[in-house]
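What follows is a pair of complexes built around subunit A, which joins subunit B in one and subunit C in the other.
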Partner chain A sequence: MTVEDLRRSPLASYPGVTEIPFLTMVNVRVPPTGDAAARISARLGGPLPVVPNSVVEAGRRHILWLGPDEWLVVGPDGDRELPGMLPEAVDVSANRTTIEVRSRDLLEHGCTLDLHPRAFHAGRCAQTTIARTQVILWQTSDEPVYRLLVRGSFATYLADWLSDAACS
Partner chain B sequence: MLLISCPWCGEREETEFHYGGQAFVSYPADPESLTDEEWAQYVFFRDNPKGDFAERWVHSAGCRRWFNTVRNTVTSEFLS
Partner chain C sequence: MRLAQGGEIDRTRPLTFTLDGVEYTGFDGDTLASAMLANGIVQVAPSLYRQRPRGIFSAGVEEPNALVQVGAEPSLQATTVRLRAGLVARTLSGVGRLTPEPEQHRYDKRFTHTDILVIGAGPSGRMAARTAAAGGARVILVGAGLPELSDPSGNVESRGPLGGIGDELAATQLRVLTGATAFGYYDSNYVLVAHKQTLWHIRARRVILATGAHEQPIVFENNDRPGIMLAGAVRKYITQYAVLPGRNAVVCTTNDSAYATVAALVQAGARVTVVDSRPIPPDLAPKGVEVISGLVTNTEGRHRITAAAVTTGSTQDRRIECDLLAVSGGWQPAVHLFSQSRGSVRWNGQAFVPDASAQANRVVGAANGTFDTRAALIEAAEAAVEAAAAVGYPVAMPPLPAVQEREITPDNPVWLVPGDPANQFVDLQRDATVADVRRAVGAGMRSPEHVKRYTTIGTGADQGRTSNIPALGVIAEALGTTPGELGTTTFRAPSVPVSFALMAGRDRGKLHDPIRTTPIHSWHVTNGAEFENVGQWKRPWFYPKPGEDMETAVLRECRAARTGVGMQDASTLGKIEVVGPDAGEFLNRMYTNAFKKLAVGSARYGMMCKADGMVFDDGVTMRLADDRYYVTTTTGGAANVLDWFEEWSQTEWPELAVTFTSVTEQWSTIAVVGPRSRAVIGLVAPDLDVSNEAFPFMTFRETTLHNGIPARIARISFSGELAYEVNVSGWYGLAAWEAIHEEGRPYGITPYGTETMHVLRAEKGFPIVGQDTDGTVTPHDLGMSWIVSQRKDFVGKRSLRRPDTARPDRKHLVGLLPVDPGQLLPEGAQMVALDAPTTPPVPMEGHVTSSYRSAALERTFALALIRNGRNRIGETLRAPLGDRVIEAIVTEPVFYDKEGARRDG
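Let's look at the complex of A and B:
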C-alpha cells in the first residue's frame, strides 16, 4: 500500500462542492531581493511576485504573494520535485485543501473584499476570511473562477457554508 | 464596520486585525540594572491619551505583518 492509497482529502465524500485535493504547496520565506530570491526565481522559472496579493505563473506552478518575504508555491497533485527543490521552502501540502468556486455572488455572501473586476481579477490572491474562516482566496480566471485554500480541519465547515449560501 | 489600512494589503475589515498596544515602547537598554518599579513601568504601564495615539496592529488574518499607525482614541479614525 502506498501513501497515495492512504491519503484522504477533507471533502472526499462531500457533495456539491468542487474540491481540487492534494495540490502540492510549499511555503517560502526569503528576503525579496538578494541572491537567495534570485536563485529561487531561476529554479522555479518565474519571479517571486513583489506586488502584494498577486500571483505569478511559473510553468505548471503558481507563486502566490503571502507577505513581503513570504510566498506560497502551488504545484499540481503529484509534483514530487517541488517539496525538496528549495532549501528555503517548507512542504505545507497537507495544511490546506482547495475548493473551486465559480460565482462571485456566492463568495460575496461571506467575504468583505471588493471582488468586482475593477478591484480583483485573475492573477490576484488575498489572505482573508470567508464566513469567519481564514482562507487564501485566489482568482485563477476572469470567468470568474476562484480557488479557496482552506485548512483541512475547516474545510467541511466552509463547504457546508458555501452549500447553504448557494441556496439563499 | 471599521476599515483598517494594512500597509501591504490596503483597507481590510477590522476583524482581520489584532491590536498590539502602544507603539515605540522599546526594550530597556540595560535590563539588568532595572529596579522592580522600573520593570513594572516597562511591562504594565502605557499611555492612555484622549486623542491621537501611536499604536501597533497586526494583520493577523491576512499577511500577518505588524505595523505602526496613529489612531484617534475618541473617534477611532486612523490617521496614518
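Let's look at the complex of A and C:
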C-alpha cells in the first residue's frame, strides 16, 4: 500500500456524478509581463495565456487564465514535479475537485454565462457560479465536455444540485 | 353555447372538469373560461367588496373578474387556465388563499443568451422572428399561446398557434417558447420569462417587442353586470373556441375594430344591435344589423344583463333587451415591458404609445399603436432587418403577404358616460368607481400615482390592464386636463402574477443554500456528532454518547481536553497563502502586531482592525519561507479577509509585491489538545522530536506521519493546554484524523466540537471575533493592548487615537461569576447596577457575550462587555431576566491557569 491509497476525494462515495479526482493544480500569481512570467512560461513549456478565459496546453499540463495576474496550472494525478517547480506557485491540488459534465443543457439550468458554441467552446474557461457555488468552468472538448473545478467543501452541494437538475 | 362547428378546439377529445362542485364537459383546446361559456356559465364569484354579481369579462391576461382556485393554486384567471381532464376549480371573490402544503411540483430555471429576442407571437412577432432568424442569428420568440401546445422539448415549434413557423426554420438558430410570458424587463436587455414551471433568464443583444394591445372598456352606469364583455373577447370566444357567449347582443364601440365582432356574432346566429359613439358610424356592419349613433348609459339585470339603455344625439333614448353587451373603448398598446425597460411613452390622443427607447429595443405592431395589419408587418420586418444587421447576421427585407387595405374611420374615444358615479366601475377587480376617483381628486390628489394608491385602482392581479386608462380619463375629466398631461402610473415587474415557487426554482430544501463540509465530515456523522451551522459550514457541535444531553457531553469533552487529550476538526478555519518579497511588510500593515521579523518556522497570533480601529478578524500566521506566510482566519471571516487583503493591495499599496491565494480547502487541520497530546503526536509523527526544547510553543515543523502522510504540525493553543495543530492535504484529512484517533485510543482521546472549544477558550479569556466583539470593540477594549504595536503603522491605528476610542471608560471585556455558581447567565443578557431602578429608564452597564458551565471551575462563568469594566473588578451587577434576577461579580476575564503554566505540558 502506498500513501496515495490513503487519499480520499470529496466525491469518492457520491454516485452518479463523474469526478476526476486528484488532479494536480498550482495557482500562479505574477505580473503578466516580466521576468517571472517569462521564466514560468519557459519552465512549463507553454506561454501563460494573456487572452482572458483562455486555456493553453503545455505538454501534459494545461494553463488556465483566471485573471490578469493569475493562472491555474493543471496537471494529471501524480504530477509530483508540478507543486514544487515554480517558486511563486501555491499548491492548490486538494483545494478543488473536478466534475466532468457532458451537457450544455444541464449547465444552463444554473450557469448564467453564454455557453452557446459561438460564445464558449473547447479551450475556454471562466470563473463563474453554478447555482450558488463558485466554480472554474473549463470546456475541454466541443462534444461538449466541461470540467467544473469546485472547492472541496462545496463539492457535495454541487453534486446534489447537478443530480437534481439532471432529473428535469 | 357551443357552436356546431368551427373553432380551434379538438372535438374528438372531450374533457370533464369540476367547477364549484358541479361536473361539466369541455374540449381539448378550451380555456376554463371558454368551457364555462360553452356550458352557459357567464357568472363568476361576486365582487370583492360590494358583493355585486360579476361575469367573465375578457379572454386573456387582462381578466379582472374570473379568478379561480385550481387545486392548490389560488387567484388564477379562468381565461388563462387551459382546460384539462379532471381539473377542479373554485371561483374566488378577488382573494385566494395559499395552501400550507409544500409545493409538490418541480420548478426550474434556465439561463440563456440570444442575439435577438422577440416578445409576442402575434402576426408582428412571428414576422419579426421569422425574418430575423433567416440570416442565422440566434433568435428566441416568446409567445403566450396556450400551455402544452408547444413541443415538449421546448425547442422549435412544429404545430399549434404559431402555424408551422418551425418547419421552414428548423435549420436556423430559432427557438420558440410558447405558453410563455415575459414579465420582467431589466437593464442590459435582461428579460425574465415564465414558461410553464421554468423561469427563463434571457439576455439579448436586441429585443423586438410585439406585445400587442389591450382593448379598453367604457365606463357607464352598472357597467359590471355579468354578460358585459370586451368586444374582442367575444370574437375570440366565437372564432377560437366556437362558443357563442350570448344570442341577443348589443355591441357598443368607439372604433372600427368591434365590427369584426359584429360580423362574427351575426355569422354565429346572434341578433345584434350596434351602438357607435361616432356621429356617423362607418358602413361596416352586415346587412340587417341596426347601427345607432350613441352610447350605452346604463344596464339592467341581476345575475345577467337583460337590457341596455342607450342615449342617442338625435333621436329618443332607447332600451334594448339583450343577454350580451360587447364593449370596445379602443385599444391601449401593451407598453408594460417597454416601460419597464425605461422606454418613454407619449399620449397620441387615444392611447399611450411608445416614444423613445432607453435600451437596444424596438416596439412593433399594435404594441406601437400600429393597428393596420400591413403597416404592422412592415414595421416588424424592418425592425428585424435592422436587428439582424446590428448583431452581424444581416437579412434582406422579406416579401410581405397580401393584406387587404381598407379605409379607417377615426375613433371617437369616450372614457365616461354620464350617470351615477357610485355604480360606474373603473376597476372591476378592486371594485373602485368613478365616485372613488372623484373622492381622491376632491381630497386634493393630482398625480395618478396618488390616486392609484388612494383608490387601489390598478393594483389588482390584472395590473389594471382594463382600468388604468379609464381611470386616467376620469381623473383628467375631474381635473379638466387630458391623460397625456397626467402621464401614466409606473409599470413594474412582474407584469403578470408569478408564483414564489417559480422564482425559487430548485433553491429549496437542501439546495436552498450550499452546505459546506470538511473532508472529515463523514466520520463526524458516523460517530453521532450534533452539528452547528457556522456560516455555510456544518461543524460538529458536540458528540453525545448514548444517554448524554448536551451539557453532560460538553462537560465530558472539556474534562478530557484539560486532563487527558481531545481532538477537534478545525479544517473550517480560513487559510490564505501570502506570497511575495513584500509579504511581511504587507502583513505588518494589516495586523496590529508585527510579522515582518517573524522567524521562518515560527507562528504568531495576530489581530486585525478595520480602518475605524475596531477588531475585524484574528488568527495565527506561520512563516513558511522568507517570502511566504500561511495566514489563518476565523471560519466565518475567510472570504472577507481575502477581499480585505486584495482591496488594500490593489487600491492602496500596488507597489508592494505580494499576492494572495485562498487555500482553505487545500488543508485539513486537526487540533490535538490536552496534557497527553504530546504523547499522541509522538506516536503519530515518529520522526518528530516533540520535546518542548526541540519543538517549542508557537513553532511548526514539516514532517511525515507514520502512515506516510506529509504533515505540517504546529504548536498552537486555543485552550491554554499543551496543544498541536496537524495540517495535512485535504485528500488526507480523513486518514490523518483516523490515525490520530487510533493512536490516541490508549489515552482516551476524545473528539470534541465547537461548544467545548468555546468553553475552553472562554476559561482562558480568549475572545471570539463576532461573538465577544460586534464591530464596536477595539483591541484595548478586549484588554489586549499588548497586541497593538506602538512602533509601526497599521490599518486602524489612527482611529485608536480618537478621543472616543482612547477614553478609559469604554466597555471592556471582563469576566462575570454568578453569585450562585449553579446559575447560568443567558448570552445577550443586559447587566445593570445593583442599585439601578427597576422601572425604565434603567441605565445599562453592558451585556453578556459568552456564558458556559465549566468542568474545570466546577461552576458557571461568563464573559461580558461592561462599561468601564476593568475598573469595576469585584463589583456585583444584576441581570434582570423578567421573572428572575441573576447577580454576578465582575472579574478578570481569565478564569483558568492565569500563569499559563499548562501551555508546555
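The rule is simple: the second predicted complex is superposed on the first by the 165 of 168 C-alpha atoms of A that agree within 3 Å, B and C clash if a C-alpha of one lies under 4 Å from a C-alpha of the other, contacts with A are read in each partner's own complex, and residues count from 1 in each chain.
The rule is short, and it goes like this: a residue touches a chain if its C-beta (ideal position, glycine included) is under 8 Å from a C-beta of that chain, and two chains touch if they have at least 3 such contacts.
Predicted model only: the values in this text are computed from it and were never measured.
Contacts of A:His121 after superposition: neither subunit B nor subunit C is touched. For subunit A, the partner with contacts to more residues, out of subunit B and subunit C, is C. In the superposed model, A:Leu66 makes contact with subunit B only, not with subunit C. In the superposition on chain A, A:Arg102 contacts neither subunit B nor subunit C.
Judged by the touch definition given at the top, the superposed model places A:Pro10 against subunit C, while subunit B stays out of reach. Touch criterion met: A:Val90 reaches subunit C, while subunit B stays clear of it. When the two complexes are overlaid on their common chain A, residue A:Asn53 makes contact with subunit B while staying clear of subunit C. When the two complexes are overlaid on their common chain A, residue A:Arg43 makes contact with neither subunit B nor subunit C.
When both complexes are overlaid on chain A, the residue A:Thr112 reaches subunit B and subunit C alike. According to the touch criterion, the shared surface of subunit A, contacted by subunit B in one complex and subunit C in the other, consists of residues 70, 112-113, 132. Subunit A meets subunit C in the complex at residues 2-3, 6-10, 13, 22, 27, 29-30, 69-70, 88, 90-96, 108-114, 116, 118-119, 131-133, 151-154, 156-158, 160-161, 164-165, 167-168. By the touch criterion given at the top, residues 52-53, 66-68, 70, 112-113, 126-129, 132, 134 of subunit A touch subunit B in their complex. In the complex of the two chains, the subunit C residues touching subunit A come out as 106, 108-113, 138, 201, 203, 506-507, 510-511, 513-519, 522, 537, 572, 577, 579-580, 659-667, 707-709, 729-735. Remark: subunit B residues 1, 8-10, 12-13, 15-16, 61-65 touch subunit A in the complex.
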